[in-house]
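Each of the next two complexes has subunit A plus one other chain: subunit B in the first, subunit C in the second.
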Partner chain A sequence: MIDNFLLLFQAPTVAVQTLIDGILIGAILALAAYGMALVWGVMNIINIVQGELVILGGYITLTLANMTGIHPLWTVPIAAVVMYFIGYGIYKIVIHRVVDEDMFISILATFGISIILQQLMDQVFGADIQSADTGFDSWGYLDDAITLSQIHVISLVIVIVLATFLVLYLKRSKMGRAIRATAQDARAARIMGVDTDHVYATTYALNAAICGAAGSLVVMTWIIHPFLGLAYTVRSFLIVIVAGLGNMVGVIIAGLGLGAAEQYASFLIGIEFRVAFVFLLMVVILIWRNILLSKERRYLK
Partner chain B sequence: MNNSMIKYGLIGIAGILAPIVFANFQVQLGFLWLMILFALTWDTQGGQMGYNSFGNILFFGLGMYVCAMVQVGLVYDVGVYTAAAGLDSGKLNGEQYLTGLALGMGAAAVVGVAVAALIGSGILGLRGHYFAIGTLGLGIAFGEIFAGWDYVGAGSGLAPPPFPDELDFLGGRNLFFYYIFFALAVIAFFTLKKIYASRFGLALNAIRDDEDKAEAMGLRTVRIKTISWCVSAFFLALAGGPLGMLVGFIDPRETAFAGVTFGIWMVLMAILGGKGTIWGPVIGAAIFHVTQEFFWSFLLGWQRVAMGVLIVVIVVFFPRGIMGWLRDTWPDRFGEKVDESVPQEGAAQ
Partner chain C sequence: MSFYRKLSFMALSTAAVALLAATPADARVDGDIITLGAALSLTGKYTTAGNHTKKGYELAIKSINAKGGVKVGGKSYKLKMKFYDDESNPARGAQLAERLIKQDGIKFMLGPYSSGLTKAIAPVTEKHKIPMVEGNGSSRSLFNKGYKYLFAVLSTANQYLEEAIPMAAEYAKMKGKKPSSVKIAMAFENDPFSQDVRLGVIEKAKKFGMKVIIDDKLPPEINDMASTLNKVRALKPDLLVVSGHSKGAALVIRQRKQMKVKVPLLAITHCESAKVNDAKKYGKGAAEGTLCATQWAPDMSYKDRVFGDAPNYTSNFKKAYGYVPPYQAAESSAAVYVYARAFEIANSFDSAKIRQALADFNEETFYGRVKFAPEGNNIAKPMVLRQIQNNKYVPVAPLNAAVGKLQIN
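Right, the complex of A and B next:
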């Protein structure tokens, strides 16, 4: 661990390489986190199933690419559309029954859905670690001391495009306005003629679509596995609590930061503790922020 | 001899005789008492104190590892033992086994309570859903740490020493551990019953109802919350060791820090029975465990999917639990007077 720490200073290229890798992965995490912030802000639900939706998106890409032989990149929009309908279905079957309940109930309900999805994916796709082969190379700089994987860069571009589209959709479209109105005050929005149930369904489906696209990128740049979902849920949650609800810029910065922090941590303490680091970081940030608030006799709400 | 004495007597006799009558189901029956212990100790925070923890499994897993490490460590070097997993060298004789178990459970209890006390004041300062997710993260983080720690076998787990043949006069491994779980569940039940009836129990309920007011009334809420967590941690850590030895293999994510099975089941069982009551978790655990065993027998391969469906169904359609339903239906049996002249709008809340 100390050796690796010193290595970061002796070979600055390693430090730069780790930073770049981390930031490129962080962009995907930010995308999933934005979806979580959307559902949290509009519906007041912490969506524990978030990570499973990401992984499911990855499996859609993988299945399509293996079955039809098309390049995995083209499956990103397909995964998003399929996940949109799956999200809509999940809302209509379960979520609309718990949307007005206590937050604890919705956490438990989405936890239950996440267990169902995990086990279904395990049954259908098998418990192996999988990833999609994109056939892309990487660019090398400084005699290949620093490499830039092309698929990571492409996925960063896709994330930027999707994020721009999302922001425009929420700002400009009629549905986007209804979603923002519901987030501000659901009761007032209902009085003004907004069909809030439809808004909730769309928001949840939109979140699932975002997760689907994110998962599709994850399977190309990284790996997927039926039981990796919870880590993505916690990453999203972590990014949202750091950035705050409805703050796109904050989510992106926090996402990139988390990606970099994770990459450095797994370099320093070993990749086997990467997930543990993410979970502990979340606990530490929660407690730390709460202690800061408690000095003013307040607490995290 | 009043009513409740008869009730406890019958349950006690049933608990003692059950594994002898149904000798084929000793393991399942042992798990039943463990589930009751899970639900009871979870309800101390979730039901009585209003702190919905998803991470109480942490103490269970910690206890399991500490107990196994002490038991092995008294005779062998733990690192060498785990590295040579599956070899025949890991046998203990009866005396070593029992001393190891006793000392291990003791050490586990100490470690569990110490960890609860240490992290309690920090994490119990969180409220509502932040507490729920924070504890969830903590439980899984510990699982991941043990899954990366080579000394205790990392991800491939740790196999506690097999039950020595010379101890067969105790009735065999399954019966022996059955009685340990039975005893732990019974002790936990009466301890918690005593606590809930005391001033401390009232303080717990005060925190659940309005923590700020409770603090304003002069209750030391941080201390009370931490002590209550320590009580749960004590029983969970004690139960961890015997379970590891009953199962015969400790997988860091699946057996010890099993957040998505035991960790969530303990919440569900308490909710199914009825949060905030002493009998609710017991009834909920019994029903849940029997259902779970049926799933296991009839839906093999899909039982875990079925468990997920069961969780969603309970949460969505039955959030007040069996005791809550009984209470709504026959309020007078619970000592609540219903004034029929007043409209009962929203009385259920």
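Right, the complex of A and C next:
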């Protein structure tokens, strides 16, 4: 561990590379997390199936690229659209039955869907480790001491474009306004003539579309597997509890921060503690939030 | 006297359970069918390999039955398999083994996939004195517990990447340096199999006086190993050794290319199951020069009565399932073959006699020679190291099996 720490100073390029890797990973995590924040904020549902939706998006890209031979990058919007309808379907079949229930029930329901999706993906796509090559190279600097993978950079750009689009959509469009109104007070929104059921369905479908796009990027940059979804669920959850709900900028910053923190942690204390680190961070942040909250309550008394 | 009533009820029900448990004892050989039991990973993290195992078992059973089955006491018996999905979960595997033995009356067990599951099931088969022939659990810890009913047809895990060390020594000599100057970077998944591979490498490296400069443990849910490769780039080892099932192989091939990490020798396991030479997955030439450990290769010349030789087995498998069998399938088929031969040699279905036949077993199979040490591991078959050259697997070690020469880029 000390060796690793010293290495950061002996070879500053390593520190820079770790930061770059972390931020580029964080961007994709932030995208998935934003979808989770949206569903959580609007519908009060913690969407445990988030990671599986991401992986499913990856499989859509993979299938399209293998079947039609088009470049995987062009499948990002297609994956998003397909996932939109899948999300809509999941809402109509399961989620709308639990949306007004206790949070515990919705957690159970989405957990159930995640298991079903895992097994379905396992049956349909097989359990091989999959990835799609984009044919893009990496830029190397300082005699390849620092490298910047082009597909990672393209992913970052896509994430930024999508994030901007989402912010504008929620701010400017009629549906966006309805979503925000429902998030603030569903009952009041209903009284004002907002079709909240439709808003919920759209929100959930939108989240699935976001996950689809994220998964599309994941399969081009890393690997996917039917059972790798949990990694994205846990990280999305962590980012959301750090950033809070309905805060796009916060989610992006928390996402990038988590990506970088994770990279540094696995560099310094060892990659085997990477997931442990994420969970530890989650616990610490939850405790911290709780302390803040209790202070506030005392003040109100 | 409710206490006595309870007691007598308990005694009665215990007797009933004992009776029930005793009845299916003959289910192992039913008419002319011998049933082999297995827990297989058909869902969960080992699904890929678990399916190879299942296909390996099925093909062997089909082939043996087609060749007239197993001859015991002048009568021909057909093989059959009864299996359950263990969800890649060791605890579940152990439960299923109990169920197969106690409820289904299975008297002959085949192994599950992975060392972890075999480790969970072996105590169960041992307790019931049921022989288990397995082809997918190679952790050393399986063979130091004094198990008497466990037989593994494959080479033990510590042998997997050992051969890479003499290779690195060779490389140092080529560069005009001493073997002891070789620096090794390692990343192994934190599971019994991969950690045994690690021990084998470390022991061998010690003999040459080589230095291990990176020793990372990969978590099972790994989806990115940039931090390890980052260290590799900064510390410039001569040899990078990685073992983390298909995921580890896929990640190192993909991210080595993405990060332009140059290391003279890269030795990994699970190349075949991760399909590392598939350009659609990882890009052209992403795996070029990688050394892959394998238990078995389709172009080897070992022979037996049922499958013919290895190339013949390969074409049969390809005809049945549409892809080239990875070694996980071959070793599973070999396990069934060894079992079938043991029945014939023992000429009986008595567990003790079959166990003895297995303990004395010494025959060549299409998978390699099989001869078990008293601990149950196969000591007659070496591991093979293949290098990916021009996108093809070329055996380069051990020297007597080598087809091509080691290339360094």
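Structure notes:
As a working rule, the second predicted complex is superposed on the first by the 284 of 301 C-alpha atoms of A that agree within 3 Å, B and C clash if a C-alpha of one lies under 4 Å from a C-alpha of the other, contacts with A are read in each partner's own complex, and residues count from 1 in each chain.
We take it that a contact is a pair of C-beta atoms (placed from the backbone, for glycine too) under 8 Å apart; a residue touches a chain by one contact, two chains touch by 3 or more.
Just so we're clear, the structure is a prediction, and the values are computed from it rather than from any experiment.
Within the superposed three-chain model, A:Gln119 lies in touch with subunit B and with subunit C [touch as defined at top]. Applying the stated contact rule after C-alpha superposition, one finds that A:Leu230 touches each of subunit B and subunit C.
In the superposed pair of complexes, A:Ala145 makes contact with subunit C only, with no contact to subunit B.
Of the two partner chains placed by superposition, A:Met192 touches none, neither subunit B nor subunit C. Look at A:Glu272: by the touch rule set out above, it reaches both subunit B and subunit C.
By the touch criterion defined above, A:Leu168 reaches neither subunit B nor subunit C.
Of the two partner chains placed by the overlay, only subunit C lies in contact with A:Trp222; subunit B stays clear of it.
Legend: residue contacts after superposition of the two complexes on their common chain; A:Val14 is shown touching subunit C, with no touch to subunit B. Judged by the touch definition given at the top, the superposed model places A:Leu292 against neither subunit B nor subunit C.
Overlap of the subunit B and subunit C interfaces on subunit A: residues 119, 122, 230, 270, 272-273, 275-276. Subunit A meets subunit C in the complex at residues 4, 7, 10-11, 13-14, 17-18, 21, 25, 66, 119, 122, 126-133, 135, 138, 140, 144-145, 147, 149, 151-152, 221-223, 225-228, 230-231, 263, 266-267, 270-276. Within the complex formed with subunit B, the residues of subunit A that make contact are 46, 94, 97-98, 101, 103-105, 107-109, 111-120, 122-123, 230, 234, 237, 241, 270, 272-273, 275-276, 279-280, 282-283, 286-287, 290-291, 294, 299-301. Chain contact summary for the complex, subunit B toward subunit A: residues 52, 54, 122-123, 125-130, 132-134, 137-138, 140-141, 144-145, 147-148, 154-155, 260, 264, 267-268, 271, 301-302, 304-305, 307-309, 311-312, 315-316, 319. Subunit C contributes residues 43-45, 47-48, 50-51, 187, 190, 216-219, 221-228, 230-231, 233-235, 246-247, 249-251, 254-255, 257-260, 262, 273-275, 279-283, 286 to its touches with subunit A in the complex.
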